[in-house]
Each structure stands twice: as structure tokens, then as C-alpha cells.
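Below is the structure I would like to discuss, written out as C-alpha cells.
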Amino acid sequence: AGCSPKESKSSSTSSSAQNSKTTKITIATMAAPDSAPLYVAADKGYFKKEGLDVKLSLFKDPNKRDAATSAGQADAAVVDFTSFTSYMRSKKPDWKLITQLTGRFGVAIPKNSNVKSVKDLKGKKVANMSRQVTSYYMYKTLKQNGVNPKDVDQVNVPQIPQRLEMIKNNQAAAAVLPQTFLTIAKVQGCKILTQSGSDFQVTALAAKGKLLSDKDVRSKFLKAYNRAVNELNDHPDVLTQVMEKDLSLPAPVAKAAPKQFPRYNKAKTPSVKTMKQVLKFAKEEGFFTKKVNPADYIVPVD
Amino acid sequence: MARRIRNLVIAIIILNIIWYLAAIAISKDILPNPFTVYAIIPSLFKENISLDIYASVYRVFWGLLSATLVGVIIGIMIVRLPKFGRIANPMLYFLYPIPKISLLPILMLFLGLGESSKIGMLFLANVFQVIVSVRDQVRQIPGDLYSSLHVLKASHWQIFKYVTWPASIAGTLSAVRIELSASFAILFMTEVYGTQVGLGYYIMDEWSKMEYTKMYAGIVILSIVAFILFIILELLDAHCNRWRKKDAPLF
Amino acid sequence: MARRIRNLVIAIIILNIIWYLAAIAISKDILPNPFTVYAIIPSLFKENISLDIYASVYRVFWGLLSATLVGVIIGIMIVRLPKFGRIANPMLYFLYPIPKISLLPILMLFLGLGESSKIGMLFLANVFQVIVSVRDQVRQIPGDLYSSLHVLKASHWQIFKYVTWPASIAGTLSAVRIELSASFAILFMTEVYGTQVGLGYYIMDEWSKMEYTKMYAGIVILSIVAFILFIILELLDAHCNRWRKKDAPLF
Amino acid sequence: MLTLNNLSIKRNNKLILKNINLTIPNAATTAIIGPSGIGKTTLISAICQLISYSGDILWDGHKLNLKKQTIAWVPQDFGLLPWFDVHKNISLGIKIRNNDKLNANQAELVEQIENKLGISDIKHKFPNELSGGQKQRVALAKAFCLKPEILLLDEPFSALDTVVKQTAENLLLEQLATFQITTLMITHSLEEALIFGDQLFVLSNKTGQLRENPLKSVNPKDRRDNPEFSKILADIQKEVIDLWRVE
Amino acid sequence: MLTLNNLSIKRNNKLILKNINLTIPNAATTAIIGPSGIGKTTLISAICQLISYSGDILWDGHKLNLKKQTIAWVPQDFGLLPWFDVHKNISLGIKIRNNDKLNANQAELVEQIENKLGISDIKHKFPNELSGGQKQRVALAKAFCLKPEILLLDEPFSALDTVVKQTAENLLLEQLATFQITTLMITHSLEEALIFGDQLFVLSNKTGQLRENPLKSVNPKDRRDNPEFSKILADIQKEVIDLWRVE
């Protein structure tokens, strides 16, 4: 198979310096803004400068990402706290979170919706995806607004565009979406009911193997990450470019991104407190009941 | 009968040995060994997996039945009504490769999120395959078999009843067999939205929880369910094709 | 030839009218009208969709070729070697319904995230279907056809070459036709990881961007690519089955 | 009266039969003889409207209409449907002409004819479990049950032994005597041709010549015992051998 | 020498033939006659090892081994493979016995036999484009090309016209005279049986009786013209009719 197709459309791989000293790391990324700094670091050669040979592999579907991590095909993965519970099932903690990432979530409603506040969602049908970050976000938002999550009829629709279609066609009263799609929703005439702030950070980078055990490698990695964050924060056009080319997000989203993501956070220890809350949520929902100490799964950034 | 059961047992033992060896060789969560998996199955029934089985079989049954009915009729028409066939054939070849999953938005628009859109998707995903299978099968019927009916000016319906149908039933059942298994794969696309019951949902759910042991338990149950359906199809086949001297053993 | 082209044109016109009417009736983004879609196609070629076509055809070709080779051999063995068949049949019926997508973790373990795991998945998803199709087809070969070779004590290979193969080629090609279309559906499961080229990736990507016009443009291109492959298979079929007097017109 | 007017038939673009003219009087039998591969079966297929032809095939002056005229046809390869057992194959013809039903009389007729042809104990066998001669008898039974206006026989006794052949021949003669059947019979046996044919249609070199049967006035049953039979047979044999050998 | 010892054959659990004993001397021909459905084809199928049987089928005292002895078999339904044209069908037998190759001599032999049987101009047709008699000739050609030790003929001339039949008969006689072929020939024509058979095996009621051919000493080519021929034929005819009618 000498003429196998070449991935020449966009370079998701940092030009690998085949130096024996370089450390090879494969990261499973998701097509979401959370992954943007990783792509910047790869594209601009920040990883390479740190002596890291980082390969980014883009996933459109969390199940495929989890398949790849279970199969040992990735050393790190862009995850959210909710889906990370799956990684906590093995006997000893081989996967840990090494840094927070930056992401935003919100609830979209149709243009002429009579839903005025989160409270009004009571008894309504809401399109969401179960056991992903959006479901925790909804849970938290409802609780904060004094609504019992059980009183809202949440239907599972994994395809994000489909959730948006549903509110456009009045098949659901609201849709819980990640930020990129909130922008599209707005462009397409929907309204945003509520949106998460920078205090709500539940996406993170999970790692295992060398990136986890070798402190030196890890700090080099995070150094490159932080450089990329600076670059993004200083040059909004870089964000637009990465969004469109590397993460394959729609052009309007990419254009609006600098406004939606004015500041990316530097590498930061994921919050144990938030993790505890997520675990409580998981227990209530019944999808993760094992007793664990969240701190065992989080590596502080220093 | 006794020999059949013996063969079945041998087959199951071989499968399990292969599985067991593979599990040992891989020795990772992603392939638990068969005994761990079997050990967990009783607990699934306590968790009411029978409901999932029922839901999936229900969906597959209606999806497949509708696809087979429509597929057989159109497949036969394409061959037996050449004027229709000449136009329908190229249309078929354009429509057939359209990835049905990408029509999900349209399907949901009309049928919502419930059972009907699931059955609709099963129908859409299978009907073209049945058409092509049946068409190919009916094309192979030697023209001579029709002669004695033509001379008696049999009606289209009589020709169908006495020749086309009996001659293509084996092929139709073969198509159904193939669709049956494809349908279970399609469940993995349709039971991921708007439902919390179904074997496809169960397996995908355990997968996304990375509960591989439970996932494989679900797969084992799916295999057994499908196996039973296959046996039913085989018996039907054996009955309809008594006139053929079969060399091939069922097992 | 002229008639064929005429029929093809008629079919395309009918399809477009239906599409156009449906688009008007729905009048939503999720079903753009055909002319908007066609208008955008040239720009796709500027964006290098030919690379996607190449990548997908490459994957389908190798996946299908390997599945067909293995499937035909095993399918024939099941019928022609009854001892093997009696054990293999029940094994087949257990393995066949296993949702191959759930074996993705194991596949990735051995084959990584690149081309080989994609081709491997196409192989896995198709090979059982080919086995069942070919087996069912070979089972239908009348035993009498073998007699003249048995009397001459022909070798297994000769029996295969002179009887089993020519008798089942039509069925094998039918199976390949069906797998061809199924393979494009499987691309939607495998081109969502580890790659950014491929028609499956393209269509899914545009879907996730809600760029429906581009998505349908991708689907149109996919249909045309598949149509060409179907025509090639039909020509092969017509060549291999010259001896059969065909009633069914290609189109 | 069945009339073939200027009938020409091509198969695979090759002219098989050219300008055939033939009139088959009502309730009479025409035996067709001709060398192998000349086009006898092709001629019958054209009458059955199974292949295309140029020229006319008329019944009492009108274009032959299969809906109105019942044709029973015993093809050279018997034409049985493999998925139906003997009994169902035999009754199929009646059913097709009678809205898929079989009334009591017809059921009895089927039984009778099965008995006469000695196939009542293989009634429930499928065609592929039959011997060659048994298949041929089933095909004959199917034709006789139909009580057709036109009977087309393509070497109807070729697979039968002496005794069964006699029975079948007698049954055919009985049918012909009782009902008004216009019959065309292809045969390679000149003997049979002389016994059954009121006239003989001798095919050679893409076309045919009609002869009267010199024994026409004799009752078919008695023809074989007629003192002139052997001589006539020998004459015609010599004649056709000369005719066919030239080709 | 082909010997059948105590041969009994069941089909579908029904006993068809019981305790058949028959010796067929080398390079001689045995004609088998019997009523339709008695088991003639079944007997040949057993010799071809296509169906199971009890008892022994021996060649020169050893169990018949198809690998060592070449059997040519002309089945009642011709047994042609529909996907090969006439020429390929004819040469197939040789190819199978000769590692899929056809040497120059063999290719010439095939041509010759095709010519003699008048099928050289349909060489490239497929079986379903042939007339009944053409198919039979192709099957005969296939058998003759093989130069077999054992030749099994199942009503080999039933679909041929007078002239072609004579040619084919002569070709068979020629083959039998030139090569050492042990032949079994099933036929419904007592005439043929007398011409070809050195001995006659008459089947009736599940078993068979062997007769000498009274004309054995006469050269087969001259038998038909032998003054006693008609009488012998009539005698045997009467005899079998009585024998078979009883059943």
C-alpha cells in the first residue's frame, strides 16, 4: 500500500523531529475550542522547541476517542470531568488530569420561545446529551435556579447540530450546546437563555504514561501550552485560524471566537471541588457510583 | 438433531477458546475473558435487560418487515417490468449509496425522536439493499421457467405466485439474513438518541462508560438473540426449499 | 447505448424533480434544493475534494477486496466441505451479529489510528456478510452440476474452477454490490478519527458545521463515485454471465 | 384452423426458418419431422408467442390469441416447475386458466390421467426426484388435463419404454378422438409420424414441405398393422435421408 | 471387467434396486432395457459413485476406483455446464484428466469428433442456445473425446433424427471397434439394444436378468440387415411387454 492517501489538507502533526531524545506524545483532541491551544503549540513548533514530539489526533465523537485511549493509542486526551469518570473505573489511577482547559456552554432556545428564564424550563423538553459535560452543566444550572433536574424532560440527542435543529423545528423547548454552537444558534436566529462564565471550567487534559509520570516532560509540555495560550490571547486572528483550519469549526464560529473566548486560561490545576460536585452528580444519575478520592486523579500544576 | 446439538456445542467451545486465548494475549480491559463476561450476565437480567432485548427486537422486526415487503416488490418489478426497470435501475444506483445516517435530520423532522424514526431509519438503511439483492436474485431465474405460464397467458400475479416468488424465496431469505445482522449494527446509530432502552443503547452506553465487561455481556446477549432469529430464518428456508436437494448442512 | 443514456438522463431528471419538490415542501436548511447544491460543487473541487474521493475509494477498495477474497473462500468452504461447514455455520451465526464497531478498541490496539484500522474495520464489517451471501448462493447450486466432474474425479480446485466459481460469480458480484454501498456507510464510522480526508469525513464534518449545502454536495459526489463503481461491477457481471439470457436490462 | 403465413424466424440474428407456410386443419394432427437443429422447436416456440417472428400465425383467420385459445404444450425439456410436486405441476395449467381454482370434475380428471399414465404413486415427488420418463409423463399429463384447443407436442414419447409408450400413445389417440384438438407433433420417429399425422410437414434447409399421409384414411390405431405400413415407412425413410443428408 | 455384486440401492429410503448381479466383460457392450422409472439411471449413478449403495462394484476384481479408471458418462439430461460454450464443454473432460491442459493431439481429436457429429459450427454457442439434439451430440462428443475405459450411455440417441442418429451410431461403433471400451448402454429402443449389445440386461421389478444377444456373432453393422433381425426383435418385444405389463 505505497499510495495510501496523505493527510495533506491540514497538518495536525507537528513536523516530527526524529531525534532520539524527543519524547513522543499522542493526544486525542476533540473538535472544540478547548483543544485550540494544543494546536497552536503544535503549529508554531512550541512543543518541538521543548523537545517533545507531539502528535494530535482529532476526534469527532467521544466514543471513538475513548476507544483510542483504551486501546493505548493516545497518551493524553481532551476530556471533560463527566466523561472522565469512565477513566476512573480501572483499579489504580492510570489516567490523571494534568491541566484545566478552556470551554464554555449554554442553553439555546427558539426565537419566539416563551421561556424567559431557566425556571421556565420546568416540565419542558430539553435536548441534551447524557453523561457529557453539557448534562452536568444543565444539572448545575437548574440547581442554581432552584429547579429539580428531574422536573425537566431531557432527551438524549448526541449529535450537536441535531439538537439545534430540534429547537429550530420546535421539537424541543431548549438545547444545551457548547459555545461554538451557541454562536451558530444565534446566527440562525435562536436566543441564548444562559451561558457559562469563566468560573465554570470542567474540561481538562487527561494524561497517562510519560506525560504523567515524568515531571520534567510534563512541565515542558505545560510550558509550551502556556506559550500557546499567550499567543492566542495576544493574537485573536490566530484563534480564528486554528478554529477554522485545525478544529474544522464553521467559519462564523471561527470569526466570532475571539469575542467568545477573549482569554484562554493558562495551565491550571483542575478544581477538586468541581470534581467532587461532578462525582455527586454522577452518583445521583447512577452512572458512576464507585467511591474515589478526586485528589488521586488530579495532578497539581506547579 | 443430536448431531446438530453436538456441532453447536463444538462451535461454542471453539469460539470460547479463541476468545479466551485472545483475552489472555491482549490482557487489557478492552477484551475481558469470557468467564468474567458470563459471570456478569445474570446481573444484567436483574437490571432488566429483557426490556432492552424486547425494544431492539421490536424495532428490528418492524424495520426489517417493512423494508423486506417494499424491497421485494420493487426488486421484482425492476426485473419483471423492464420499462420500469430501465428507469428504476439507475435511480437505484444513485440512491443506494447515499449514507442514510445523513438523512437523520430529515427523518427526525418528520418522525420525531421516538420509535417511528428508529424504525424509519432501519427501513431506509435496509430497503435498498433488499431491492438490490432481490433484483439480482430474480435476474438469475432462467427465462425458460416462465415459458409454460406465458403460453397459458397467466396473469402478472399468477406469474409472481407460481414462478418468481418460489424461485426467489431462497435469495430473499438470504437478503433478510444479511439485513438482520446489518440491522443490529444500525441500532447503534439509532438507539443513541431519544431512548434509554434497547440492546444498541445498552452496549453503546457501557462502551462510553468503558465498562467493557458489561459491554461484552451485552454483545453476547445480542449474539444469542440474533442466533435464535437466524435459526428461525433457516427453518423457514429449509421449509420453502424442500424441493432443492441441499448439500449444505445447517450445522 | 443511446437508449441507455436516455434512460439515465430520465432517471436523473426524475430524481431531481423529486428532490426539488421535497426541498420546496420542507423549505428548511436541512434539505437545500438541488440547484444550490450543484452550484457549490465546483468550489469543492477547488478545495481539493478529489483527495477525499481518492482516500475513500482507496479504503473501500482494499477493505472490500480483502473481505471479498476471504469471504468467498470461507463461504464456498462452508458448503463444499460439509464437515467444516457444520462447525463453521453456527460459529458464523454467533459472530455475524456482533456489532463490529464495538470491536474498534481492539482493532485500534492492533492497527493504530491510521489507514490500516480503517481498512480493517471495512474488512470486519463486510467479511461476514460476504460469507453468508456466498454461502447462500453456493447452497443453491444444483448438485447435478457437480456430477460430471465427480465422475472424472476432478480435484477440489478443478471443481471450484469449473463449477462452483462460475455458478456463484453472479451471487458474489451481487454481494459485492451490496457491500460496496454498506462500505460507504462504514466510512462514516471510521473517518471520524485519525484522519481529515475522506468523503465520510467531509460529509460528517460539514454536517457538524451545519453546512447542509456542502454536506449534500458531498453526498452527491459520493453517489456519483458509487454509481461509477456500480457500473463497473455491472459490466463485469454482464461479461461473466454472458451464458445466461438476461431479461433484466442494466438500464 | 391454425395457419402459418410466411413465417420467418431469427435467433441471435441468424435466420433459422424462412417463409414457412402451413395450414393445420381443425381437429387434425400434423407431424413435423426434420433433422436435429433445423428449427422444429423454434417453430413451436413462435406459435407459443415465446420468441419474435415475422409473418403471421392465425387461428381461424385471426391473429392467434393465447387468452382465447388454450394451448397445451409439452416442451422437449418437459418444462416442469421444480418447486411444485408432480400433482401440483399437473394441475397448475388448469388452475391458471380457471382463476387459481380446481373444481371437483377437474380434480377427478387429474386423478384419472395420473392413473392412466402410471404416475399416481409419484404424485408427491418433486421433479428432481423423477426419472426421465416419469418427467415426460408428468408433462404429458399436464397437457392432457387442460383439454386444449391446440396441442403442441415436442418429441412427447422420446423417454418412454415400449410398454409405457404404448399406453401414452393410446391415451393420446383417445384424447384426439374424443376432443376437437388441433395438434402439432414434433417427432424423430417416422413411425410415430405416420401413426399420428394426418399430414406430415417435412422440414429441411430452413423451410418445409407438406405431405399427405398415405395412411390418412386408415384409423390411427390400425395403421401399424396395415400391410403397407413397412413399405411406406421405408419409402419415407429413404426419402428424408436423401433430403437431409445433402445439407 | 466390470462386476456388480449383490448391488442394492435405496433412494429416499425406498428400495429401488435389489441384489443386482451383473458381469460386463471387457471391451464388450451390455444394453440395459427396462420400464421407465425402474432404476436404470440409478444403476449408472451408482457405478459413477454419485449415490450410495450396498454391495460391490468391482473392476477386475478390485473396488472400482474413478481415479484410475476413466469413465465417460453421457447422462440422460446431457450434463453440460451452462457457463462454458460447446467447445469448452467438450474438452473439459480431457482437461480434467490431464491437469487442465489440452495437448495438440487432443485438440485435434476434439475437432475431428466435432466435425463428425456436425457440431463444429455451433462450437461457440452456450448450451442454452442449442436444440435438444445438439445438446445430446455435444454430450456424446465429450464422452468420445475422453477415450475412456468404461463408457456409460443413458439413452444416447433419443433426441436425434434418423440421419444424425445413424452417423452417431456409426461413430460409436467405430469407437467401440477401435478402442477397448467396456460399455453399458441404457436404451428404450430394443432395436438399438440388439444392434449394440453383446448381451442384454433386462430390468424388471427391482431386479434384472441377463440374456445373450442371439445376434452376438454378427458384426453390429450388419445386424439390422440380418434376415432374422425382425423376428428376434418381435420376439424380444413381445417378451418384455409381457414382463413389464404385469407390474
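Letters A, B, C, D and E mark the chains as written, and numbering starts fresh at 1 in each.
The rule we apply is simple: contacts are C-beta pairs under 8 Å (C-beta built on N, C-alpha and C of every residue); 3 or more make two chains touch, one makes a residue touch a chain.
None of the values given here were measured: they were computed from a predicted structure.
Participant: Which chains are shared contacts of chain D and chain E?
Facilitator: Correct list: empty, since no chain touches both.
Participant: How many links in the shortest chain of touching chains run from chain A to chain D?
Facilitator: Steps on the shortest route: 2.
Participant: Two chains share more C-beta contact pairs than any other pair here; which two are they?
Facilitator: After tallying contacts for each pair, the winner is B-C.
Participant: As a quick test, compute the distance in whole Å between the mean CA positions of chain A and chain E.
Facilitator: So the centroids are 82 Å from each other.
Participant: Which whole number of Å gives the spacing of the CA centres of chain A and chain C?
Facilitator: Once rounded, the distance between the two centres reads 36 Å.
Participant: Can you give the whole-Å distance between the Cα centres of chain C and chain D?
Facilitator: Result: the chain centres lie 49 Å from each other.
Participant: At which residue positions does chain E touch at least two other chains?
Facilitator: Answer for chain E, listing residues that touch two or more other chains: 77, 128.
Participant: Please output the residue numbers of chain C that touch at least 2 other chains, ranges allowed.
Facilitator: In chain C, 28, 30, 105-106, 109, 142, 144, 207, 244-245 touch at least two other chains.
Participant: If a residue has to touch 2 or more other chains to count, which residues of chain A qualify?
Facilitator: In chain A, residues 67, 70-72, 159, 161, 165, 169 touch at least two other chains, as defined above.
Participant: Which two-chain combinations qualify as touching?
Facilitator: By the stated definition, chains touch in these pairs: A-B, A-C, B-C, B-D, C-E, D-E.
Participant: Over in the complex, which chain D residues touch chain B? Could you list them?
Facilitator: Against chain B, the touching part of chain D is residues 45, 48-50, 66-67, 70-71, 73, 75, 77, 79, 81-85, 92-93, 96-97, 100, 126-128.
Participant: Would you pull the chain A residues touching chain C in the complex into a rising list?
Facilitator: Of all residues in chain A, those touching chain C are 1, 3-10, 12, 31, 57-61, 64-65, 67-68, 70-73, 159-161, 164-165, 168-169, 184, 188, 248-250.
Participant: In their shared complex, at which residues does chain C touch chain B?
Facilitator: Interface residues on the chain C side: 3, 7-8, 10-12, 14-15, 26, 28, 30-31, 78-80, 82, 85-91, 93-102, 105-106, 109, 125, 128-129, 132-133, 135-140, 142-143, 170-171, 173-174, 177-178, 180-182, 184-185, 187-188, 200, 203, 207, 212, 215, 219, 222-227, 230-231, 244-251.
Participant: Mind listing the chain B positions that touch chain A in their complex?
Facilitator: 28-30, 104-105, 108-109, 112-113, 192-196, 204, 207-212
Participant: Which of the residues in chain C end up touching chain E in this complex?
Facilitator: Touching chain E from chain C are residues 144-145, 147-154, 158, 161-163, 166-167, 241-245.
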